[in-house]
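Which chain is which? They are A, B, C and D, in the order written, and residues in each are numbered from 1.
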Amino acid sequence: MNNHTTAKPSWKDKLHEVIFEADTFWGKAFDVVLLIAIILSVLAVMLESVAQIKAEYGTTLYIIEWFFTILFSLEYIARLTAISKPWKYAFSFFGIIDLLSIFPTFLSLFFAGAHSLLVIRSIRLLRVFRIFKLGRFIGEASQLTSALRASRPKIIVFIGGVFILVVVLGTMMYLVEGGENGFTSIPKSIYWAVVTLTTVGYGDIAPQTTLGQTLATLIMILGYGIIAVPTGIVSAEMSQQKSVRPVNTQACPHCGAEGHESDASYCKKCGGRL
Amino acid sequence: MNNHTTAKPSWKDKLHEVIFEADTFWGKAFDVVLLIAIILSVLAVMLESVAQIKAEYGTTLYIIEWFFTILFSLEYIARLTAISKPWKYAFSFFGIIDLLSIFPTFLSLFFAGAHSLLVIRSIRLLRVFRIFKLGRFIGEASQLTSALRASRPKIIVFIGGVFILVVVLGTMMYLVEGGENGFTSIPKSIYWAVVTLTTVGYGDIAPQTTLGQTLATLIMILGYGIIAVPTGIVSAEMSQQKSVRPVNTQACPHCGAEGHESDASYCKKCGGRL
Amino acid sequence: MNNHTTAKPSWKDKLHEVIFEADTFWGKAFDVVLLIAIILSVLAVMLESVAQIKAEYGTTLYIIEWFFTILFSLEYIARLTAISKPWKYAFSFFGIIDLLSIFPTFLSLFFAGAHSLLVIRSIRLLRVFRIFKLGRFIGEASQLTSALRASRPKIIVFIGGVFILVVVLGTMMYLVEGGENGFTSIPKSIYWAVVTLTTVGYGDIAPQTTLGQTLATLIMILGYGIIAVPTGIVSAEMSQQKSVRPVNTQACPHCGAEGHESDASYCKKCGGRL
Amino acid sequence: MNNHTTAKPSWKDKLHEVIFEADTFWGKAFDVVLLIAIILSVLAVMLESVAQIKAEYGTTLYIIEWFFTILFSLEYIARLTAISKPWKYAFSFFGIIDLLSIFPTFLSLFFAGAHSLLVIRSIRLLRVFRIFKLGRFIGEASQLTSALRASRPKIIVFIGGVFILVVVLGTMMYLVEGGENGFTSIPKSIYWAVVTLTTVGYGDIAPQTTLGQTLATLIMILGYGIIAVPTGIVSAEMSQQKSVRPVNTQACPHCGAEGHESDASYCKKCGGRL
């Protein structure tokens, strides 16, 4: 719709431009309003989960919830209308998220508590990158995701190995420590092994016997080495991604000196204005 | 066995192809069934360790355990039969794991609790990479392990240094904090030092005195720098790994050695034709 | 002021050299005395916050606080006097910090406790790098900050993604665990999700149900992969930083701008002679 | 002493060869015995700190301690005798450690508990790298240390910045949470800030108020980014260190094929023995 039609665009084209793009004024305005609405509606859901706030402002929050749900329902219908292939949108990543963002309110009519699922709306915030310095951030995001995609097989191999390691280590600790020290079952011991290997270390379960602590020490030092692996994978992949850097090409109009930093307003050699 | 024999293969050759390889339909089917059996048997052992589940389904789980043990015993015998040099398989990494995977059930007839060791079966899951997008994942795995192998001497030096550091720091905290704050002995203080340096931080032992907390602060900032070292080692090694050597899934029909390069026509271990 | 004036410098020039530069003896001496004064005054504020020490030495610490505040006020006035464009200094990063470093004492006359804000003085310690092996450290610092600046868009994208993830995961745990296990509200569950994903793991809130622990296990392993991303970003950026641009300690006598390259003869901000 | 004297070496030369080198049989044997003695003596000190063990075997451990102290004293005198410039050894890193390794026992005659300092002996274990595959490990160690030395200025700048950050953040939490939630003084709050930023997270002090938890969340996400910095520094430095890799240069004597892996015993092309 951007530069290839000279004929007057139809209302559908205009709607598409406003809703799906962010290059025109109205397109950008729509996205900004939408993002504010998303943030407000997610905040409302969060606040409702706090007991004191619900007790005091419960009704207000309930109204706000329905207000935003109806708003987003209208937006969803508008999106389906504006696009020429509605099913493609409906089954796209954002299409499904958009539907899931309005569904839980209706579901909560039947199941109490279901409306907490509304925080799924926060995923819609990913659209934020379309507004601010768009190209740049999307470029960075795609660089990030392509680095992650390239290292996916290595990470799957790695997580597979960690999974097996954690099952074996957890069982060893279950046998060594036993139920009286909190290691009541193999699944719980595996939970402990993950907590330890990932260096989270809640401390809700911790080894008490000398043998258990010795074993735990070895697991931690092992975890030390293991945590290096995913970092190494991603680092190596990132290093191979070429990054485009802004280069300042200014030459001083007075003395011709080059290589000024981007924040320079005056020539560092002759003092003339750049 | 793949493309160089025109004569009808013997039943032993066929068995070898089904059990040790995953390139044909039956070979792949066998591996898939095997992996499902491994996962189910490991799950059964895990569930049995949960007190409530054992109380209710104890007998069923006991039967399942013996069922899988007998199944894996038959498989182990089949493996020994199919290969021309059984002892080489028996003493290989997977050969030993396969034996250890059936042993604990028989052991549990004499020692109660020994059957928890059956989770060692989960190590057999490493075979999973032979099935899905095989060559690729094996390539990635070998790239990972070769990067780790290349950085092994550096990591040994590093762990040696950390070990000495942890002994010295642990003793210092033992002298500073003393038994009344949980640092009851030098080994326990060393355990604390490892928990802190690796940033696990259970909190089951934590410094209480001002001097102890000051010292702990320094140790943590030190740990900050130290955790960077293994990551740096692995990252640097990964960055230098460039070519993915394609490896295939063939196992030598004579000695069972795996990991042959795709262009190999003869086993690099025993010289037999692949 | 260094090598291009043959005329006798005015007292204002001399004051500028002593206060803003560290290349001459008196300039260095001034900075050393200043840093010691900053450290002592920050220590005094810290000690006053310890109940026992305040009870015993309260009056002494009160006098010390006022002594340093008056000293730093005089220094602030001297800085404003020495520079030819006082407002540029007053609104620069260090100018604002210098003002904030004296303000809380006067504020504490009206609001008790406000003087704890004096620790903001510690930010002034950043000047320390101007004294010791100066050029080298400033070069390193600017290398660090330029690596961080270059990776800023990637890090913003990353933190945006983590923020959304944490909201969704926190809500899931809120629904699974519920208030009786410490997950009393969505904001608190988000706090838990951050504590877990960043591998801090206090353990003040920890999942108790089997489903909750399983979910937590997945979150931790996810966090394992996620923590690799910022490290990978910074590592890759650092690897690409090659040349250390030598920077000197000169500050422009006209506008106070710092960070000029060693070959600069004119201020890159206002065009004045250095 | 190795290859440049043809005359019969004096007893002093022989002693030097045995004590300070590890290339001859006796030199290696001496080092192995020494390392075992060090490990045993450190173990004895550790065991003595465990209350039950001291109650039972106290006298035995006391005798062992004096036995090793006298042994190491004799060794120290022998080292001073064997070397031509005794003072150079006495003031070298290992010379000082060797002296500190015997001193605490004599000190414990006057101050009870001083003998715990004997664990300083464990630093002597650094000599272990002289024995096993010497050159290789020392090469790796020097590569590690040179990478760390090269990144030292960056790390000092970084730790300086973290120090200031931690003081400011700690004070903010002290003001927000206050004494009733465990943040009893600024130093204690700084301790908490370090525990959090380094992702150790004991949980002995944890924010209780909503504002405190929100602030803590921001600190943790900040720490997420910050932990990436030292890793990035070391990774970048390591990547620039060139590593020497063992290359297998074997060519098959039968068919001339090259590029065999180091563990290959047979040619992968023609099956001939390599």
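Keep this in mind: a contact is a pair of C-beta atoms (placed from the backbone, for glycine too) under 8 Å apart; a residue touches a chain by one contact, two chains touch by 3 or more.
Not measured: the values here are computed from a predicted model.
Student: With respect to inter-chain C-beta contacts, which pair, C-D or A-D, contains the greater number?
Tutor: Comparing C-D with A-D, the pair joined by more C-beta contacts is C-D.
Student: Based on CA centres, what chain would you say lies at the far end from chain D?
Tutor: So the farthest one, by centre of C-alpha atoms, is A.
Student: When chain A touches chain C, do the two copies use mostly the same residue numbers, with over half shared, or different ones?
Tutor: Different-residue interface.
Student: Whole-Å distance, chain C centre to chain D centre, using C-alpha means?
Tutor: 32
Student: Mind checking the centre-to-centre distance between chain A and chain C? Centres are C-alpha means, answer in whole Å.
Tutor: Once rounded, the distance between the two centres reads 28 Å.
Student: Just give me the whole-number Å value for how far the CA centre of chain A lies from that of chain D.
Tutor: 40
Student: Using the touch definition from the top, which residues of chain C touch two or more other chains?
Tutor: Residues 187, 190, 199-203, 227, 231, 233, 235, 237, 239 of chain C touch two or more partner chains.
Student: Can you check the complex and tell me which residues of chain C touch chain D?
Tutor: So the residues of chain C in touch with chain D come to 42, 45-46, 49-51, 113, 116-117, 119-120, 122-123, 125-126, 128-129, 133, 136-137, 140-141, 143-144, 147-148, 155, 159, 162, 187-188, 190-191, 194-195, 198-204, 227, 230-231, 233-235, 237-239, 241.
Student: Once bound in the complex, which stretches of chain B touch chain C?
Tutor: Spelled out, the residues of chain B in touch with chain C are 199-203, 231, 235, 239.
Student: Going by the contact rule at the top, pick out the chain C residues touching chain A in the complex.
Tutor: 150, 153-154, 156-158, 160-161, 164, 167-168, 171, 174-175, 179, 184-187, 190, 196, 199-203, 206, 210, 213-214, 216-217, 220-221, 223-225, 227-229, 231-233, 235-237, 239-240, 260-261, 263-273
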